[in-house]
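These are the structures in question, set out in turn.
Heads up, the next two complexes both have chain A, just with different partners, chain B and then chain C.
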Partner chain A sequence: MESRKKKSGLQRPLIGAILFALAVLPVVYPHPFAITLLVFIGIYIIVCTGLSLIFGYAGQLSLTQAAFYGIGAYTSAILTTRYGVSFWLALAAASALPGLIAWALGAPILRLRHFYLAMATLAFSEIVLVFFIQEVDITGGPTGITHVPAPEVFGYKLDTTTKYYYLVWLLAVAVVGFSYNLIRSKYGRALRAIAENEVAASAMGVNVPAMMSIMFVLSAVFAGLGGSLYAHYVSFVSPDTFSVSLSIMLVIMVAIGGVNSLWGAVFGAVFVTVLPSMLGAYRQYAMLVYGVVLVLALMFMPNGITGLFQDAAHWIGRRRAASKDEVKEPAG
Partner chain B sequence: MNTDVLLQFAVSGVTVGSIYALVALGFTLIFNATGIINFAQGQFVMLGGLIATTFANTLAWPLPLAVLAAIVLTTAVGAAVEALTIRPMRGRSVFTLIMITLGVSIILETAALLIWGTDPIFLSSFSGEAPIPFFGATLQPQMIWVLGGTVAAMAALWAFYRYTIFGQAMLACSINVDAAASVGINRGRMVMVAFALAAALGGLGGVLIAPITSTSYGIGLIMALKGFAAAIIGGMGSSLGAVIGGLALGLAEAFGTGLISSGYKDALALGLLIVFLVLRPQGLLGGK
Partner chain C sequence: MSRLQLEGVSRRFGGLVAVSDLSFTVEPARITALIGPNGAGKTTTFNMVSGLIRPTSGRITLGAQDLTRLAPHRICMAGIGRSFQTPHIFGQMTVLENVMVGTRVEAPAGLLATGLRFPSAVHEDHDVADRAMQELVFMNLAHLADRRAGALALGQQRMVEVARALATRPKVLMLDEPAAGLTHAEVRGLKETLIKIRDKGIAVFLVEHNMRFVLRTAQHVVVLNFGEKLVEGPPDQIANDERVIAAYLGRGREAQLAQG
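And now, the complex of A and B:
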C-alpha cells in the first residue's frame, strides 16, 4: 500500500512535466520533422493503448488492431470525401463502426484463447484486407481513396502539422487518461484477475465474457479513432497500410514497451515510430530489428522497457531499505 | 458448367491442398511435442522455395541437388530456431511462446526480404512443362510431383512414427509427456526433432509448389494461416486430420475461386477457419 502511494507521488509530477513539455514543444522547437514524428507517435499511442487493454491487461493476443485502424481510416475517408460529412461526425462514426464490428465479432471469437484467438483475429484481419482490396466501389480498391480533407474545427482549419499535433495529442492524452482511470477501477482489477487466472476470476464473480467484450470493443474504438486521425493527416488511405504486418507491429510495440502497464503502450509507440527514422538508409532493416528486439525482450526482459524502469525503481527501493536495515541492525 | 471444368478445379484443389496438408502436418508435429502453435511454420515453406531458387537459378546447381540442399538447409533453420529461441524458454507461459514464434516469423520474413528482394521468383519444373491430359482436365507435370512428394512425405512420417525409436518416443510424448519422461525419453531432444521435421515438411512444400505458383518473401504468413486452417479443419493434433483438412481446404478454395470469386479466395479459406474455430474447434475428425 505504501509503495503504491510513493509511486503515484512520483508519477504525478512526471506526468505534469510530460504534458507541459508536449504543450510547449512546437513553440520551443518547431522542427517540422520532429512534430510530424510526434503526430504519428500520438496516433500510435491511441491505437496501442486500445491494444494494451485487451492484450496487456486481459492477456489476450489480438492481431486485428490494424484492421480496426483501417476500418476507422476508411470510414472517415469515405464519409468526408463522398458524402461531405463534417470531420467530427466522421471521427465519431470512424470510432463507432470498429466498435460495433468488434462487439459482433467478439461474441463468438472471444471464447477462443491463446493461439486460437491469435489465429482467428489474424484471419479476420486478412479478410478485412481482402475486402479493402476487392470492393473497389466502396474502398477504391488497391489505389485507395485520396484527397481526404484536413479537419475543420469550428470553422478553424487544422491544415498545418503543428495545429494537427495539438488535436492528436489532446485526444491521445484523453485516451490514455481514460484508460488509466479504467484500469484503476473495478474493471481494471477484474481484467488483471482474468489475466492471472480466468477460472478463479470467474469463480470470484467476474463476468469474463462481458469484460472481454467491453475491452475488445474499446480497443477497436481507439483503433478507429487513431485510423480516422491518420486518414485526415496523410490525406489518403490505401489497403497496404493496414496489412497484417501492422497488426503484428502494434503487438510488438506493446510487448516491447511492456504488457503490464499503459506506459508500455507509450514507450512502444515511441520506439517503433522513432526507430525507422533513426535507421535512415537502413530503414528496411527496421522490421528485422523489431523481430530481434521482440524475441530478445521476451527472453531476457519479460516485462518490457517499462519493466526495466520498474526493476530499477525496485532496486533503488531495496538499496534504500538495505541501508536503513544496516543502520537499524546494530541497535537491534 | 461441365464436368471437365469441375475436374480441373478438383485437380488444382488437390495440388494446393497437398501443400496445406504438409504445413498442417508441421503444425501437428510441433503441437504434439510442445503444445504450442508455431507461427513461423509458413516461413519454412517460403524458405524452402527461395533457397531452392538460389541454388538452381543463381548457382546453376542440378535441380535435384538444389531441391535437396533447400530441404536440408530449411531443416537446419528449423532446428536452429528451436535451439536458439524455444529451448531456453522452457517453463515460460504459452503467451510468451506465441510471441516468440511470432517474432521468429518476422525475423525470417525480413531476412528473406533482404536476401531475395520483393519480386516473385519461379523455380523451373522438375520434369518439363508439357501438359498431361487427364480425362477432360489437364495436369501440369509439376502437379504430379506435388502429389507424389506429399504422399512420399506422409509415408515417411508414418514409417517414422511406426518403426523408429525416435518416432515411437515422439508418439509417447504426444500421449503423455510426464509418462514419457519417466521411461527415459529426452523430451528436449524430441522438441528439436519435431521442429526439424516440421521445417523439413514446410521446406518440401515450398520447393514442390514454387514451380507452379512462384515464391516470394511474403508468402509465409498466409501459408501459416492456411496450414493452421487445415489443421483446425481436420482436428488439431491428428496427422490424418491434417491431411484431410489440407485437401478439404484446397478443394474448397479451388471451387470457391472457380464458382464464386477469385478475389475472395483467401477470405473464403480464412472465413472457414473462423467458422471451424468457433463452431467445431475439434475439427472434422475430433470427437466431442
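And now, the complex of A and C:
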C-alpha cells in the first residue's frame, strides 16, 4: 500500500509540470515547426494509448491500429466534405465506427492468440487498405479526399496550428487520463491477469472474451479519434498513410516506449515522431533506424524507455536507502 | 446452503475414458477430499467442475444451479473458487493485486464510471482493496501484500492462490494438491487454515496425494481409480478399505494416463 502512495506522490507533481509546460509552450515558444511536431505527437499518443491497452496490457499483438486510424480519418473526411456534417459529429462518428467494426471483428478473431492474431489483424488491415484504394466512389481512390475543413468549435474556427494544438492535446490528455484510470482499476488488473495466465484469470471470474473485446473496441475508438484529428489537421486523406507499415510502426512505438506502462505509449509517440526530423537529410533511412533501435531496445531494455526511467528511480531509491543505512550504522 | 453435486459425469478424450459415470456430493461446511493414483481422473474432475473442460455427459449442479455448460467465469460467479496444482499466480502483480483480481465478482462499476473516476468507482476500488486485505489477514499473508507475487516461495504462492480464491466469495473452495511441495510446518498450517475456512460454512473440496494429510484433515473421502469411483466414506473407513489399498499398492501405477 505504501509503495502505491509513494508512486503517486512522485507522479503527481511530474504530471502537473508536464501539463503546465504543454499549456504555456505555444505562448513562450511559438515555433511553428515545434508546434506542428507536437500536434502529431498528440495524435500518435491517442492512437498508441489505444494500442497499449490491447498490446501492452492484455499482451495481444494487434496490427489493425493503422486501419482503424484510417477508417476514422476517412469517416471524418467523407462526412464533413460531402455531407456538411459538423466537426464534433464527424469526430464522434469517426470514433464510433472503428469501435463498431472492432466489436464485430473481435468476436471471431480475438479467439486467436499470438502470431495467429497478428496475422488475422494483418489481413484485416490489408482488406481495409484495398477498400480505400479500390472503392473510388466512396474513398476517392488512390488520390483520396482533399479539402477536409478545419474544425469549428462553437463558431470558433481552429484554423491555426496553435489552436489545433490545444484541441489535440486536450483530447490526448483526456484519453491518457481515461486509460490511466482504467489501467489502475479492476480492468487493468484483469488485463494483466489475462496476459499472465488466462486460465487462472477466467477461474477468478474474469470474463476473458468480453474483456478482450472491450479493450479491442476501446483501442479502435482511440485510433478513430486520432484519425479524425489527423484528417482535419492535414486537410486531406489518402490510402498510403494508413498502410500496414504504420501499424507496425505503432507497435514499434509502444514497444520502444515500454509495453507495460501507459507512459510507454507517450514516450514511443514522442520518439517516433521526433526521430525523422532529427535525421534531417537522412530521413529516408528512418525505417532502418527504427529497426536498429527496436532490436537494441528489445535486447537491452525489454521494458522500453519507461523501463529505463523506472530502473533509474529504483536505483536512486536504493542509493538513498543505502545512504540512510550508512548513517544509521554508526549510531546502532 | 448449497451443495455441489456431480451426477453421472463422464469425460472422454478421443478413445480414452478419463472419467466415467462419476457421482458424488460435496457438502457445505465439510472438507471433502478426492484421492486416487496418478491418472485416476482427479484433475479432470476438477477441471470439469470449474468449466475448463466440458463433461461428455452427466450433470454438475451447485444448489439449484446447473453448472454443466457454463463458462469458467460464470462458474466462478456461481460460487466455485479454485487453486491450481502448479501455482497459477499472476507473478508480475503484487500479492494484494492478485487477491483483488478475485474480488471482481462483486465489483459492478462500468467502463465509463471507472475511466472517468466516478465516486462510485473510486469507492468500489477502495472497498475491493479492503476486502482483498481482509482475505490476506485471514490467510496470515498481510505482511506480504506489497511483494511481487512471482518472487514468493512456492508455499506462499499456494496460500496466495487460496486467498485469491476466497476473495471470489466461494460456496465451494476447490484446491488442487494444496499440500504438494510444502514443508511439514506449512502442511500443519494448511490444515488449520482449511478447518477455519470450513468453519465459515464453505465446502472445501481438495485433490491431494498426501494421504496422511487427507486422512487427518478431510471428513469425507472419494477415491477414484481409472476414472471410476472406487469407494467413498469417512477417512478411517477409507484407510482400511481393501480396494483402496490394492489400488494404491497394486495395479494402479500401470496406467500413467495423461490427466495427472
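Just so it is clear, the second predicted complex is superposed on the first by the 324 of 332 C-alpha atoms of A that agree within 3 Å, B and C clash if a C-alpha of one lies under 4 Å from a C-alpha of the other, contacts with A are read in each partner's own complex, and residues count from 1 in each chain.
To be clear about the criterion, contacts are C-beta pairs under 8 Å (C-beta built on N, C-alpha and C of every residue); 3 or more make two chains touch, one makes a residue touch a chain.
Just so you know, these numbers come straight off a predicted model, no measurement behind them.
Q: Kindly classify A:His147 by the partners it touches after superposition: chain B alone (first), chain C alone (second), both, or neither?
A: A:His147 sits against neither chain B nor chain C.
Q: Tell me the contact category for A:Phe124 with respect to chain B and chain C: first, second, both or neither.
A: Only chain B; A:Phe124 stays clear of chain C.
Q: Just chain B (first), just chain C (second), both, or neither: which does A:Glu196 touch?
A: In the superposition, A:Glu196 contacts chain C only.
Q: So, does A:Met287 touch the first partner chain B, the second partner chain C, both, or neither?
A: After superposing on A, A:Met287 lies in contact with chain B but is clear of chain C.
Q: Chain A residues touched by both chain B and chain C?
A: none
Q: How about chain B: which of its residues touch chain A in the complex?
A: The touching residues are 36-37, 39, 85, 88-89, 92, 94-96, 98-100, 102-107, 109-111, 113-114, 221-222, 225, 228-229, 232, 261, 263-264, 266-267, 270-271, 273-274, 277-278, 281.
Q: Using the touch definition from the top, list the residues of chain C that touch chain A in their complex.
A: Going by the criterion above, the answer is residues 50-52, 71-73, 76-77, 81-82, 84, 88-93, 96-97, 100-105, 107, 109, 111, 114-117, 121, 124-125, 128-129, 145-146, 164-165, 168.
Q: With touch defined as at the start, can you tell me which chain A residues reach chain B in the complex?
A: 59, 61, 108-109, 111-112, 114-116, 118-120, 122-124, 126-127, 130-131, 133-134, 244-245, 248, 251-252, 255, 284-285, 287-288, 290-292, 294-295, 298-299, 302
Q: Please give the residue numbers of chain A that touch chain C in the complex, ascending.
A: 1-4, 178-179, 181-182, 185-187, 189-190, 192-193, 196-197, 199-208, 214, 218, 260
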